[in-house]
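Alright, structures below, take your time with them.
Presented sequentially are two complexes of subunit A, the first with subunit B as partner and the second with subunit C.
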Partner chain A sequence: MKTENPKAWFFVLPVLLLVAFNALVPIMTVVNYSVQETFGNNVFFWQGLDWFEQILRSDRFHAALGRQFLFTFLILAIEVPLGIIIALSMPRQGFWVPVCLVIMALPMLIPWNVVGAMWNIFTLPEIGLLGYLMNNTLGIPYDMTQNPFAAWVTIITMDVWHWTSLVVLLSYAGLVSIPDAYYQAAKIDGASPWKVFRYIQLPKLKMVLTIAILLRFMDSFNVYTEVFVLTGGGPGNSTTLLSIDLVKIALGQFDLGPAAAMSLIYFAITLLVSWLFYTLMTKDDEQ
Partner chain B sequence: MRKRSIIPILYIAFLLLPIYWLVAMSFKTTGEILSGFSLFPQTFTLENYRVIFTDPTWYWGYINSIIYVSLNTVISVSVALPAAYAFSRYRFLGDKQLFFWLLTNRMAPAAVFALPFFQLYSSVGLFDTHLAVALAHCLFNIPLAVWILEGFMGGVPKELDETAYVDGYSFPRFFVTIFLPTIKAGVGVAAFFCFMFSWVELLLAKTLTAVAAKPIAATMTKTASSAGYELGLLAAAGTLTIIPGAIVIYFVRNYIAKGFALGRV
Partner chain C sequence: MAKITLSNLRHSYLPNPKGQEDYALKEIDLDWQDGGAYALLGPSGCGKSTLLNIISGLLAPSEGRILFDDRDVTDLPPDQRNIAQVFQFPVIYDTMTVRDNLAFPLRNRGVPETRIAERVDEIAGMLEVEDMLDIRAAHLSPDNKQKISMGRGLVRDDVNVVMFDEPLTVIDPHLKWKLRSKLKELHQRVRATMIYVTHDQTEALTFADQVVVMQDGEVVQIGTPVELFERPQHTFVGHFIGSPGMNVLPVTETDGQVSFNGQTIFLEGKVTGQGGSTELGIRPEFVSIATTGIEARVRKVSDVGRHSVVEAMVGDTPVKAVVEGAVPEQGAPVHLNFAQKQTRLYRDGWIATEVSA
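Coming up: the complex of A and B.
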């Protein structure tokens, strides 16, 4: 049981100040831009909610948002089941366990633009390992700078490479915490492997999977660097995800008003979907 | 070896292939890379690494990155410790709301904040300093550190605190001499995560620096575009960015699984 203690505020004050400095001032700047028009020289005109209306009606935004949702959906649909399967098939103890875990964590510690550059080198049609194997050994035409479908397959594969380990490590942590007695009981009852998974392992995984799905949702929905370095949003606009489009508008065209409005809409969608995931997945616990 | 071990083995092979390719390419000459496909370096060369270790614009990139990442890790963990203690032990006005608000900052797309961050840190005179990047990365690292530490602290029974107070320990003495050693795995894991997310982030780090504090990852993008197609050099620089991460993982290898579950299993 936690005790009531108003002085606890002093403990959280440093955190509050540091995060607020980083969060509130920039978000107010963004809000400020989102309702004004500027022609440079720090001269601003009140614009109201026009930018929001313009963004919400623009086909370009709808297309980028659609691509973003498709990307995130594919990522979750592939990485979560794959991660669970890998975690289930890993040994529970032994010399190889820490080795496996360290190698699996490695992709997550590589700077994001290096991940993009690495996959770029890996997939170059004539001189990259994957590109060469596909084109010259398997005879499958593959060039992600020309073919939108190949570009999509590549960014999805890259993300699976980069982040599936997060799901694996989380699930694995959940699985090793299940006492052996549970498995013995299941064995005595003659439970099938599916029943063991459904009634022993999956319930134990619920908490960690909630964390995994939330983190994967937030990060894949906000993905920028890796995809930008790898494809630059191309070919054409085929891999221009929401954040890439946002940076194009803000820094490429320097349309600060629309970019700011888009930022806020973007942030609102991320918050809303995260909150939905969170309440849906934790609903059973409260009952 | 059991039959199902084949799945992790295939997965690890898949993880290592692109890394192998990067490392292999870093030992090739640019001429060899562009002349065609070769699975192993034909003319093994250390020239790419020599360039990086002798050119200050390259190796200072590494030093800069390590400085701001370490600074960020120290700041994030030290302010997150008392806060996580408060969240795990006490109820206070607005605690749940505050906790959720902290987490929402983890959800903010860095792309949204890039420009305002530039203006904010320019206006307080911190632009192009290591401190600017370290502070900016606090935005997502402090919430994460609080979240992880709160998970680990929740696993420590409250009786430990109460016994210490009965024994006449003051709060600071209890916290440093008894509580911290108890949750040192959690501190290690939190530090690991702060290191990780600060090390891999580039968009903010690049936006907030120009010359003096420029991260290695930004040096790479610049060189890649200005020097044309120096793939070997790029690969060598990329290979070197993997090493700090690998060292840090080695230290937390025994806590890694629990750490990724944020102490909540």
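Coming up: the complex of A and C.
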């Protein structure tokens, strides 16, 4: 039974206004820029889809997109399994529970630009603890301002350090909500620890992991501050991820048209991947 | 299948129990015959689930031994005791099909696949779930999920004992009796020792050949449903079993003579022991309304279907009577008769009359 009441619109109006002002209007501004060219003085010329074509054909965009996917893939591949393993090994009761939880939450409480600055100093070969140890004590040449590989190792490590906790906390919450009876039944059924994980814990974690992966995907795909503060996109362009490239085009070169087109493409990719992933993960439960 | 012996079993959840009240289980001695159907009945918190978990090995008792067929299993983990347990909430492996769920305990024990297929089909037939074998277990209704978790227990043919921990809690009322009779039927077919834990007297009395009534970590009475009904050993059993429960009335006792509200009451037999506080116990089914007897005034009449429950005040004490047919009106003066053979004295809660020969 469906009853329609026009009054309902009245109640959603405030939310609609809010969404309009913080999402739709800014996006429309970007759309506006993406199809026009301006030379200042508020004079605009119609460009059609030229900027989109230019971006989609540009090698520079392809390279940045490739780096972006590599970055996101690597941090997911590390943070998700690592987060689950840490959550599994955390205590379920007693004095150490709050201690572990606070320690886990700490990295997430640090402002993003501070994270970048911390890791920058930490890895400096002359004065940074890690940089000094690697170069002078262990004798491994390590300088993320010179070597692209070292730069990648550093941004990945930094993100793992910063965000694995999110996966840990979500997984931990999922794990403690599994009733004891499941573990008892598994014991009685003679299930090995691996089977307990495979058939009880992992299925029960599916929903929280979906959320964790989704959040980590979106955040890492749009990552800017930490990487920018740490490497500035270098050495060369080796750590220039999409967001860093976008800011270079928009604020460095002041090419507002291509930058607007790139933002929309960027947004579309993020949205598409998130939607595909979420749909695939939840499809199964709706049957 | 096995005979189960519990000897001097005690359990406390505290690391250093001091007094008797620190024990969740106090001195349990029980012998369960191979192939019997037993129920553990008692209110929440009486220690019945603790006892069950000790038998299954999920919990180690503070003191005492557990023997399966005279073999000491006290220190064995659950998977080596060869037991099965059905929990309050259906425990199934969501991502597996019903077939894989049933096969799971066998696969974990390395049983050959051909044998597994045979057993799974056999159990599926008994439970009438053949048509669901290839469905993902997550999609089943709660009662079918509970059937599957029972099936996982029954699929191993060498199982020592199958335990049920209030298995019908989450089942819809109209399906409860179906599952209950299914269980009874299963027991008759597989003849495994079964222990059924519940706080619901109907479930316990319909399922079990022998019911163990527990209160505060102690066994109060063990008996067949008829014994529990007809001759409760303790006022608690009288109260807890039966609907309405037994009338427990304050009496005065002098030289083996018992009087209730000034009237002498004739008991089933000789009074044993002395001292302590005494009470009279008689089930409402054995109280009748007559023209002579104890004077009372009707306070409330409730029609419960086949019969009515009349509550009458004798002085300040309410006495319930089960009456068939015509009932007196509210406020009417009546006379109550106690059936002598069913009238007993309880001393400090425990029965204190002998059966007359």
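In this text, the second predicted complex is superposed on the first by the 272 of 287 C-alpha atoms of A that agree within 3 Å, B and C clash if a C-alpha of one lies under 4 Å from a C-alpha of the other, contacts with A are read in each partner's own complex, and residues count from 1 in each chain.
Following the convention adopted for this analysis, contacts are C-beta pairs under 8 Å (C-beta built on N, C-alpha and C of every residue); 3 or more make two chains touch, one makes a residue touch a chain.
These numbers were taken from a predicted model, which means no experiment stands behind them.
With both complexes superposed, B is the one of subunit B and subunit C in contact with more subunit A residues. Touch criterion met: A:187 reaches subunit C, while subunit B stays clear of it. Once the two complexes are laid over each other on the shared chain, residue contacts for A:176 go to subunit B alone; subunit C is not touched.
Once chain A of one complex is fitted onto chain A of the other, the partner contacts of A:35 are absent, as it touches neither subunit B nor subunit C. Of the two partner chains, subunit B is the only one that A:229 touches; subunit C does not reach it. Contacts of A:195 after superposition: subunit C is touched, whereas subunit B is not reached.
By the touch criterion defined above, A:134 reaches neither subunit B nor subunit C.
By the touch criterion stated above, A:203 is placed in contact with subunit C alone, subunit B being left untouched.
Contacts of A:5 after superposition: subunit B is touched, whereas subunit C is not reached.
On subunit A, the surface touched by subunit B in one complex and the surface touched by subunit C in the other have no residue in common. Per the touch definition, subunit A reaches subunit C in the complex via residues 179, 181-182, 184-185, 187-192, 195, 199-200, 203-204, 285, 287.
Contact residues of subunit B toward subunit A in the complex are 2, 4-8, 11-12, 14-22, 25, 33-34, 36-37, 39, 75, 79-80, 82-83, 85-93, 95, 98, 102, 104-117, 119-120, 135-136, 138-139, 142-143, 146, 158, 196, 199-203, 216-217, 220-221, 224, 231, 234-235, 238, 241-242, 244-246, 248-250, 253-254, 256-258, 260-262, 264-265. If you check the complex, the residues on subunit A that touch subunit B are 1-9, 11-12, 14-16, 18-19, 21-23, 25-27, 29-30, 85-86, 89-91, 98, 100-114, 117-119, 121-122, 126-130, 132, 136, 161, 164-166, 168-170, 172-174, 176-177, 207-208, 211, 218, 221-222, 224-225, 229, 242-243, 246-247, 250-251, 256, 259, 263, 266-267, 270-271, 274. Against subunit A, in their complex, subunit C makes its touches with residues 53, 56, 58, 77-79, 83-85, 87-89, 91, 93-96, 104-105, 108-109, 138-139, 149, 152.
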